[in-house]
Every structure is written in structure tokens, then in C-alpha cells.
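The two complexes that follow have chain A in common; it is paired with chain B in the first and with chain C in the second.
Right, the complex of A and B next:
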């Protein structure tokens, strides 16, 4: 035991445990503590920063700490949403890892009483490497299969390919659910005397220790840890979803929690602790799949598709009646009491008995108060020094300051996977099930329409690792502003922010500085914009033998949109394009891609400096424009791939020319491929009389182009006539050519 | 020359198909089953003129790289 405890816990943790217990722990207690105090559940390195995030707002019905965040949109509609990572499992077994990730995020949503209506994802690979390519394909399949089997459409996806994801793909999945505000069920409302109900799949050895596993670096050795992989069972997931929603609709459970990381241990202890009570668990009653499974294995198992609920004794028969009907395996595995302790019985003996506050909240967390906001804002400028980042081999180049020509940029644009259509990803997913989607993946805006309440919900998911790699604090500010602009372009002021913070090992100080910088940027954004953080997920240790990933915070924003099914969409007419803001090439994504490919560094690349107040004012002005003229004009954010990508994807037609105005104050490289703060594109069709410049009088607005009859060219005095048709074809062609793989045996 | 490749789910890894079948049997009144396993058998018939070593190596590669998922499956290869 002595050796085991030293292996599992740090000296710090061991001391805290021995002091809290006043004795040596039992094996079962050590197993429970090892899971609950792991980075994954205990947030040892992140809690200091996360607790500073603003999370209060009148419309937040459930915030961080619950299974998912819930915001009230109107009296009859609330939205539950959450993002979660499944990076490590996906690196080991991509298909199952991604599929179980979807299963897990769905459970987080319906556990709260919300019906899952949409999935989104943020996927990051290095598809130039054969291994990365294979991971990408299997991850996409895993997500598609689980979503399609359960009937939840994937409505939007984001994808990037950079060398730092070569061994550590990021698989972040978002689920969005709808419910009536009064239906919200939390994990914190159990009552003394309530019975503890377990239902769903049996408990097996799969994923044993998975939560701890997620906190280990990936080495060749861990790639061999095969028992740590869970297998998804989407049809069981669907059954559980329906049964859970029926149980909640009929008011049977008093509290609910899904079994995710650290399975039974985490769900039972948290439901009791959050309710301010105690719990007694009988492991002999837990349905098991593997003969000879031990108490510790049951406590740590991460078998998928399992749920935990508390049910008042007088409703026990109602719960059984429903579960028998589906039919689902279930068992009564314990009782809630008012002891503030967790007691576990196994083989008739007491295997564990410890105070819940010690188990759930007693993990010693790192204190980083020496890292002041000033220090975090300063951060580390890494545009030159990229030591330790995976896949980068900076080439000594005397000509690094050389700037790319327009042709270089067009070639890079055409020959990287970044700006190909993500159709490869979403076409495998059913994205129109239930007919709630307006637009869809690949369409510029992702809107969900709720026919019952007649409201449209705008969804945004966004990450920009070249920015956050260069400077975590300034980069995160830029990502947040970019995501905000996407939400505004979709007609919505964000009502809530969820996040998935993907970082390397927090045991190195630079990661901590980066992480602190990111959370500081989030705090500033949320305070200025008055947008609460409603939940999130931290994934550390995204690194392997070949190096670390770039810090990659992924943000999800949800808002109530002004746009409905009758919103304006460009279908091929003539009109005028206005550009708001001043893009700069070096701040754009394409410049980073070009520089990485050419020199293996990010030298000279820039992070746009954003001013949240200014972004807010402009956002509000554009929403007023939409409010008055949603059917008569279109607003687009100028994001990845710059203005050029928007022109190609939205406006290029074989029978139209885009005619750039004379005397524009930009170089074509900046105009077409740059990015910057407060940049949007606004299109006004000829027949409409909307005066954009009057609406946005306080901002830099320029009439940059007209769309007229023609032959599919971009023309102007700043560049030679450019045929857009090949670019358009490429945009439609999607990712497949980049993924085609020759099987070699 | 024929080779057989037998692929089964590793011990301890969830097999949703077998779990579903097990539930169905239980519901239909079949009692006494502790666990169900299944094995998939592939038969590879080689063209004339392949020596055993080459054929065996190909069968091995096909099993490992194409038919089985080494993270989830066990497999055996036997010459028929």
C-alpha cells in the first residue's frame, strides 16, 4: 500500500489525504481518490484560474459545475450546451475515441432534461502525415456513426490541419439541447432517503483508470494500453436518452448525473456532495459484465452508456416501470443520507468510508497567485522561438522578412486543405434530421430553428491555434473576438460561452502562463461583453514524444438570432459589397500557413489587437441593421482565408464578375487575405435600398466591389483579372483529395 | 493455398452486438447464458505459385492492417 500510494499521489496529495482521513486509506479509497484528484476531475492546475471567470447572469439556469450550461432564451425555450474533448482516447483508437466522445457529450445534455437537437465539432489534425490522415478519417467516421445512429444531426464543424497536431489530434465535440426552462434537472437536488438508481450498460473493465489515463502524456507505451479504450454503443445510448427524458418529463428522479470520467466514483460522490448530503453505495448491486471484476475496477470503470439518478422511494416503482418498458438494465445501488460521507460496501464489507468534501473538493490545487495579470498579459512572445512545439523544424532563412506575392498566396490557398470545403466532414453526418437546421455545415451561419417557440438559435464554434501559439493572452482575445463576429454575422448576440481549453503539460511553467493568459482574456471578454461562461472543459497533457500542441482554446457561443428562415441569402443577383474594418495580411490565417510551410516558423505573423468595446459597438450596430433589414442584406465575418474565401464561397458565380472599386487604400494581399479587428463584409443587393454607410457611420466602411454580369472573374486595377472558377471548384471539392490514402501492405 | 483468419473481440472489451443478442435471448426466456462471444472467420485463397512464407506474411498483414483493429480485436491465422 505504501508504495502504491506514492505511485499514485504526489507528496502533496498524500499528505492532504492522510491528514483528512486521519489514517491510511483502503485500496478502494485510494482508487476513488486517484480518480477524483486526477487532473481530469480535480482541476489541480486549472482551478486557480477558472474560478475567476464570470459566470453569473440572470438568464443562466445552470452554470459551471453542472453537467451542461443552460441559458434561458425566452419563457418557453432554454438551451443547454456544452463542449468536451476526447483527445487522448481519439489518439489511441480514433474511431471509438471519437464515438464515445459524442456519446458522452449527449449524456451531459439529456441528463439536464434537455433534448439534444444538434452536434457540432472542432477537429484538429495534421493530415499531411499518414498517421494524422488515418486518425482524421477514423475520427470523422466515429462521430458520424454515433450521431447518425442516435438521430442527432451534426450541424456545423470546424477543422484545421497544423503540424503540432501530428500525434495529438484534438477532438472537441459540442452538443446543443432544447428544453422548457422549468424542466431543468440538476445534480444538486437529491434528498436524504432517496434511492440511488443505476441504469444502462453493465460495468466492465473497459476504460479502467481512464480518467487517470487522460492525465498522462502519450508515449509509445501508452499507445499499448489497450484496456483503457471504451467502446461505444450508440443504440444503447439512444435508448438511455429516451428513457432518461421520459423519467425527467414525468418528474421521477430528484437529481441526475451521467457516468463519464471516473464513472461510478465521480457520479455518486458528486451527486451527494453537490446536494450537500452523504451517500452509501453497494458495489455488489452494480450490474457487471466482466467476471471477477474487483471493487477498485468497478469504482474506476468507464464503461459507456451508464446513468445515475436519485429517486424518492415512493417513485421507485414508476422508475422501474419505465425502465422495464424500454427495456434497460438497472439496479438500485445505494441510498442518499445526511452524513456528508461516502461509504462503499463490497462483498458485504465496508470497502471505503470517507468525508465527501475530502474526496470531491479536498484535492490540493496549485496556487498561481504570483502570476499577476500584468505578467500574464505580457506572456511569452513565441513568434520566433517555437522550441518544443510538435512538427516544427525552423529552417534558417536569411530571407525570412520576404513577403509573399499575391501569386504565392493564391497558390498556398489553393494547395492546402485549410480552405477546402469541410463537406468531407459534414456530408457523412445527417445534418437535416428533424428539419431544424437553417443553412447547415459549410453554410456561413449555423442557425437552428425551433418551430414551437418560433425562435432561431445561432451557434458558433471557433479556434485559431496560430494566434494562440504566438501569444496566449492576445491570441485568445483575437479568437474570442473572431467567434463573437461569427455570432453577430449569424444575427445573434451571444448569451453564453462554453470553452474547451486544450493545452500541453501544466507541469511546465510556460503552459501555466499560457493557460493563465487565456483565462484572463476570457475574463476580460466576458466582463466587457457581459457574456457569462456557462461551462467548460480543460484538456491538459496534449503532447507526446515529438512535442506539444499549440495552446488551443476552442470557444462555443450560443445566442438568440434575429434571422429566421426568410433571412437574406445570396443566390446570384447583382449588388454592392462593403468592407468594414482594415485587414492586414500578417494577421491572417493564410500568412501563418504560408510561413509555416516555407520556413517552419511563424516569424512575422501577427495577432490582431482587438478592442472588445469597439467590437461590441460594431456588433450592436450590425444587429440593428439586421433587425431592420434582415431580408435585404447579408453580413459576413471576415475570418480564416480572409475576404477571398468569402468571395469565392458566397459570391463567385460563372455568370457574374466581382469588380473591385478603384483606388482602394489596400494592397491586394491585405485586402484579399488579411484579417483584423472589427472586420466584416456586408452585401446589399441592387434592388435593396439599405444605406450601410449611414447605419455604420461611426466605423470605417468602404464600398469595395460591385457584383455585375460577367464570366466568373475577380477584376480590378490592383490585380490582373483572376478567374474564380477553379477556386470555386476547389471549395466545392472538399477535403477528400487531401485525405486519399494509398493502402500499403 | 488457403489461410483462415479468425477475428474476435478481446476479452474485456465491450461487444455491443453480443450484449444486444444476450439481452434479446434473456427477454425471450432463454436462461443460463453467462456470456456470448463471436468470432469472424475469413478465408484467403492464394493464387498458384505463392510459397508459404510469402502467403503467410500477406495473410498476417491483411489481418493486422485491414481486417482487425489491434486495439479491440484478437486474431489467429491458420493454414487450412
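Right, the complex of A and C next:
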């Protein structure tokens, strides 16, 4: 026993456990503690920073700590949303890893009484390597099969390919649900005497110790731990979703929690602890499918599609009546009491009995008070210290062109996968089912229709690893501002922020500084913008012997849009393009891509310096513009690939020319491929009389181009006539040539 | 007036997904009175004017799409309605189910490139024998597909008899109404997107017309098929059938 403790717990943790228990733990107790105190469940290295995030707002109905965040949109509508990572499982068994990621995030949403209405994803690979390509293909297939089979549309996503994901792909999935504000069901509302209901799949050995697995670096050794990856059954997922929503609609459970990481251990202990009560669990009652499965295995199993609820005894028969109509297993596995302890019985004996505060909240956490905000803002100097980041290998370059020419940039744009249409990915997802998608993956904005208000809910998911790699604090500020601009362009002020913080090992100091810098940037953003953090997920240990990933915080924003089905859409007419802001080439994604390809570094690349106050003011001005003229003009953010990508994807037509204005104050490289703070593109069709410059009088606005009849060219005095048709064709061809692997067999 | 609204039975298997979209599409017409019926029932409650077998993943597509649904209690009643001549529309998984229970010829294989495809397609209306197509005036309908198993396959003899009997109802086509390999998204034989039975009352199709029926939908071409059913019923009533 002694040796086992030393293997599983750190000296720190061991001391805390022995002190808390006042005796040696039993095997079952040690198993429970090992899962609950893992980085994945215990937030050992992140809690210090996470607890500083602003999470209060009058419209937050459920915040961090619950299965998902919930915000009130109107008296009749609340939105539940959350993002979660499934990076480690997807690296080992890409199809199952990604599919169970979708299953898990769906459960987080319907557990709270919300009906899942949309899925999104943020996927990051290195598709230059055959292995990365294969991972990408199978991850997409896994996400598609689970989402499609459960009937939840995958309405948006983003994808990137950088060398630092070569061994550690990032698979982050988002689910959004709708519910009535008074339907919210939490995990913290169980009552003494309530019965503990288990339903869904039987418990097997799959996924045993998954939470612990997620808390290790990927090595060849861990990569063989396929049993730590769960197996997905989307049909069962759909059944438990229907059953759960029916139970909640009928007001039967008093509290609910899904079985995700650390399975039964986590769900039973948290439901009791959050309710301020105790719990008794009888493992002999748990439906199992593996013969000879031990108590410890049942406690640690992460078999998918399992739910836990507490039900007052007088509603037991009502619950059974409903569950009997579904082809799934259920069992009464315990009872809630007021002991503040968790007691586990197995084979008639008491296998564990320990205080809940010790189990759930007793994990010693790291204290990083010495890292002051000043220190975090300073960050670590990446230009000197890039060692350890996978794929960053400075090469001696010929030094002929220190800055890229317009032609270099156009070539890079044309020949990388970065700016190809993601159609090859999103066409594998059913993005239309349930008829709410009025802005889908091929559209300029992501919009879900709310038939009640006749307006849309705008969704945004965004990450920019070259920025956050250069400087975690400043980079995160820039990503947050970029995501905010996307939300504004979709007509919505964000009502809440969810996040998935993907980082390397927290056992290295530089990761901790980066992580602290990211959370500090989030705090500043949330305070200035008055947007609460409603939930999130931390994924550490995204590194292998090849190297670490770039810190990759992924942000999700949800808001109520001024846009509806009648919003303006460019369909090929003539009109005027206005640019707000001042883009700079070095801050743009294309520059980083060019640098990486040429020199294997990010030297000279920049992070845009953003001013949240200014972003806020401009955002509000644009929303006022939409409020008055949503049918008469279009607002677009200028993101990856800069203005050029917008022009090619949104406005290039074989029978139109885009005529750049004379005497524009930018170099073409900056104008076309740069990015910057407070940067948007606004299009006003000829027949509309919207005065953009009057609306945005307090900001830098320039009339940059007109769209006129022509032959598909970009023309202007700053460049030679450029035929946009090949670029358009290239974008339409999508990622297929970069990704396609033969799946036919 | 309620009595005159056509009763539309929408069959709901475990794992069916598009039942609500179909319900919403029919509910949007004053002429229709749609209702959902669980597949565990062995008969329809009273009069049925049309039956819809919606898309989804009935029983998780285990074994193969549609195979498990065939064993559901409602199947016999469905076959009886088919034999009575009631208009029946199977969409996507519903098409696969109708093929599995042999109400329609052929079978749906995995798409040629092995992947799920969600995409708008153009459909050439080839034969208008089914009530859902009889009064469609357009030659081309634009509706989306969303399937992984949509490659229509039948033996050469069956394909010949389909052609001879005007049973090919819908084919994938391009913007110029040409049926080309490029316009065929999944490798279906004869570019088939939809077929009918010999008598024409049973129609199975892979694309989803129900997704193009509502005011905020991206198009209205699916609505044309429901309007056709309205016109068909009026025609039937006027001619005293």
C-alpha cells in the first residue's frame, strides 16, 4: 500500500491525504483520490489563476463549477454553452477520442435541462505529416458520426495547421443548448433522503483512469494506453439525451450530473458535495458489463453515455415509468444523507468512507502568488527562448528578402492549406438539421434562429496560436479582441465567455507564466467589456518527446444578434467597401505562416496591441449601425488571411472587379494581408444610402474600394491587376487535396 | 374544417432525427394535420392520408442503415398502407428503411468516397407518378443532402425495369439539368436520388425536402413537394376518388 501511494500521489498530496484521513487509505479510497486529485479534475496548477476570473453578472444563471454555463437571453430563453477538450484521447485513438469528446460535451449541456441545438469545434493539427493528416481525417470522421447520429447540427468550427501540433492535435468541441430560464437544473440541489439514480450504458473497463491519463505528457508509453480511451455509442447518447430531457421536463430529478472524467467517483461525490450533503453508494447495484470488474475499476471507469441523478423517494416510480420506455439500463445505486461523507459499499462491505471536502476539495493546489500581474504582463521572452516548442527549428536563410514581397505573400497564400475553404471538413457534418441554422459553416457569420424573437443567437469560437505563442498575455488579449470582433460582425454583443485553455506541461515554469498571462488577459477583457466567464476547461500536458504545443487558449462567445433571416448578404451586386482600422502585415497570420515556412521561426512577427475600451466603443457603434440598417449593409471582421481572404471569399465574382481607391495610405502588403486592432470591413451596396462614415465618425474609416462590373480582377494603383479567379477557385477546392486520405474501405 | 385536414403520420423510430423537422414542415400548411407515431405501435390510429418515414439514424444504423427498423411493429401497418395506395414518402434513413422492407427496389451503399456529405444539390424531376411530385412544376429542385449511406445500387435488370416503368423519380443534376458524374455526390447508379415503387405511391429519396419549407429556410423548393400533395388531394376529391 505504501509503495502504491508513493507511485500515485506526490509527497504533498500524500501528506494532505494522510492528514485529512488520520489513517491509511483503503484501495478504493486511493483510487477515488487519484482521480479526483488528478490535474484534470483537481485543477492543481490552474486553480490559483482561475479563481480570479470575473464570473458574476445578473444574467448568469449558472457559472463555472456547474456542468455548463447558462446565460439568460430573455424571459423565455436561456442559452447553455461550454467548450471542452479531448486532446489526449484524440492523439491516441483519433476517431473514438473525438467522438467521445462530442458525447461528453452534449451530456454537459442536457444534464442542465437544456436541449442541445448546436455543436462547434476548434481543431488544430499538423497536416504536413502523414500521421497528422490521418489524425485530422479520423477526428473529423469521429466528430461527424457522433454529432450526425444524435441529430445535433455542427454549425461552425475552425481549423489550423501548425508544426507545434505535430504530435499533439487539439480537439476542442463546443455545445450550445436552449432552455427556459426556470428549467435550469443544477448539480447542487440534492436533498437528504434523495435516491441516487444511475442510467444509460452499463459500466465497463473502457476509459479506466482517463482523467489521470489526461494529466500526463504523451509518450510512447502513454500512447499505448488505449484502454484509457472511451468508446462512443451515439445511439445510446441520443437515448439518454431524450430520457434526461423528459425526466427534467417532468420535474423528477432534484439534481443531475453526467459521468464524464472520473466517472462514478466524480459524479457521486460532486453532486453530494455541491449540495452540502453526504452520499452512500452501493457498487453492487451498478449495472456492469465486464465480468470480474473490481470496485476500483467501477469507481474509475469512464464508460460513456452514463448519467447520475438524485430523485426524491416519492418520485421514484415516475422516474421508472419514463425510463422503462427507453432501451437503456438504470439502477438505484445509493442515497443522499447529511453526513458530509462519501461511503462506498462493495460486496456487502464498506470499501471507502471519507469526508467529501477532502475528496473533492482537499487536493493541495499550487500557489503562484509570487507571479505578480506585472511579471505576467512581461511574460517570457519568446524570441530568445523558443526551445521546447515542437516544429520551431530556426533555419539559416539566404537573407535575400528580409521582408516578403507582395508576390511572396500571394504565393504563400495560394500554396498553403491555411486559407483553403474548410468545406471538406464541414460538409461531413450535418449542419442544417433542426432548421435553426440561418448562418452555417459556409456563411460569413454563425447564426442560430430563435423563432420566438425572430432574431438570431450568434456563436463565435476562436484561437490564434501564433499570437499566443509569441506572447501569452498580449497574444490572448489579441485573440479575445478578434473573437469579440467576430461576434460584433455577427451582430451580437457577447453575453458570456467560455474557454478551453490548451497548454503544455504545468510542471515547467514557463507554462505557468504563460497560463497566468492568459488568465490575466481574460480578466482584463471581461472586466472592461463586462462579459462574465461562464465556464471552461483546462488541458495541460499537451507535449511529447518531440516538443510542446504553442499555448492555445480557445474562446467561445455567445450573444443575441441584431441579425435575422432577412439580414443583408452579398450576392454579387455593386457597392462600396469601407475599411475601419489600420492593418499591419507583421501582425497578420499570413506573415507568421510565411516566416515559419521560410525560416522555421516567428521572428519579426508581431502581436497586435489591442485597447479593449476602444474595441468596445467601436463594437457598440457597429451594433447601432446594424440596429438601424441590418438589411442594408454587411459588417465583417478582418481575420486570418486579412482583407484579401475576405475579398476572395465574399466578394470576388467572375463578372465583377474590385477597384481599390487611389492614394490609399497603406502598402498593399499591409492592406491585403495585415491584421490589427479595431479592424473591420463594411460593405454598402449601391442601392443603399447608409452613411458608414457618419456612423463611425469617431474612428479611422476609409473608403477603400468599389465593386463594379468587370472580369474578376482586383485593380488599383498600388498593384498590378490581379486576377482573383484562381484564388477563388483554390478556395472553393477546399482542404480536400491537403487532407484527403482514403476512407472508402 | 379540422376534419378535412389530411392526416399525415410521421413514423418515429428510436434514433430517428428528422421527425420534428418533418412535423414542422407539414404543420406549416393549413391543409395538413401531422402527428408523430412511435414505431412500437402495430397500427395507425384511424385514417391515414399520407405517411412519412423521416431521416435519422434509426437504431444507430447498427448492422446497416434501416436493417433494425425493419423489425419494428409499425412495419406491417406501413406495408398495408403501401398496398392500399396511400402516398408514402421516405426521406434519407426513411428511404433506406423502405428499401430494407422491400417496398422499394435497390439498396443504399456507403457514399463513393466513404464520407458523410451535407450539401445543397440540384435534383432533376424525372417522373411525377408520386403524389409528392405530381404537381411540382419546376424541372429542378434544390434541396440539401445529409447522409453517409446514399449511394443507390440495384442490379442491371432492376435498373432496366425502373427505367421501363418510370420509377426513377429524381436524379442528381448540375445547373444545366445535365446528369453528370460531377453532379452525382455519392456515386449513385443512374444518378438516382429518388425512386418509386411500381404503382408510384411509395417514394424514397435521399435529399431532405423538409429543410426547404419554412419562412426562414434557405429556399422553398421542398415546400413545392408538399404543395403537390395538397394539389393531389384536391384533384382526388374533385374527381370523386
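Operating definition for what follows: the second predicted complex is superposed on the first by the 729 of 745 C-alpha atoms of A that agree within 3 Å, B and C clash if a C-alpha of one lies under 4 Å from a C-alpha of the other, contacts with A are read in each partner's own complex, and residues count from 1 in each chain.
The definition used in the following text is that a residue touches a chain if its C-beta (ideal position, glycine included) is under 8 Å from a C-beta of that chain, and two chains touch if they have at least 3 such contacts.
Source: prediction; values computed, not measured.
In the superposition on chain A, A:9 contacts neither chain B nor chain C. Judged by the touch definition given at the top, the superposed model places A:327 against both chain B and chain C. In the superposition on chain A, A:565 contacts chain C only, with no contact to chain B.
Between chain B and chain C, C contacts the larger number of chain A residues. By the touch criterion defined above, A:522 lies against neither chain B nor chain C after alignment on the C-alpha atoms of chain A. Of the two partner chains placed around the shared chain by superposition, chain C is the only one that A:449 touches, whereas chain B remains out of contact.
In the overlay built on the shared chain, the residue A:233 is in contact with chain B and with chain C.
In the superposition on chain A, A:648 makes contact with neither chain B nor chain C. Shared-chain residue A:201: touches chain B; no touch with chain C.
Chain A residues in contact with chain B (one complex) as well as with chain C (other complex) are 233, 235-236, 327, 743, 745. By the touch criterion stated above, chain A contacts chain B in their complex at residues 92-93, 95-96, 201-202, 204-206, 226-227, 229-233, 235-236, 289-291, 303-304, 327, 329, 743, 745. On the side of chain A, the complex with chain C involves touching residues 141, 144-145, 148-151, 233-236, 238-239, 326-327, 426-435, 438, 449, 451, 564-565, 742-745. Of all residues in chain B, those touching chain A in their complex are 10, 12-16, 19-20, 23, 27, 34-35, 58, 61-62, 65-66, 69-72. Contacts from chain C toward chain A in the complex involve residues 14-15, 17-18, 20-21, 24, 56-57, 59-62, 110, 112-119, 144, 146, 148, 208, 211, 214-218.
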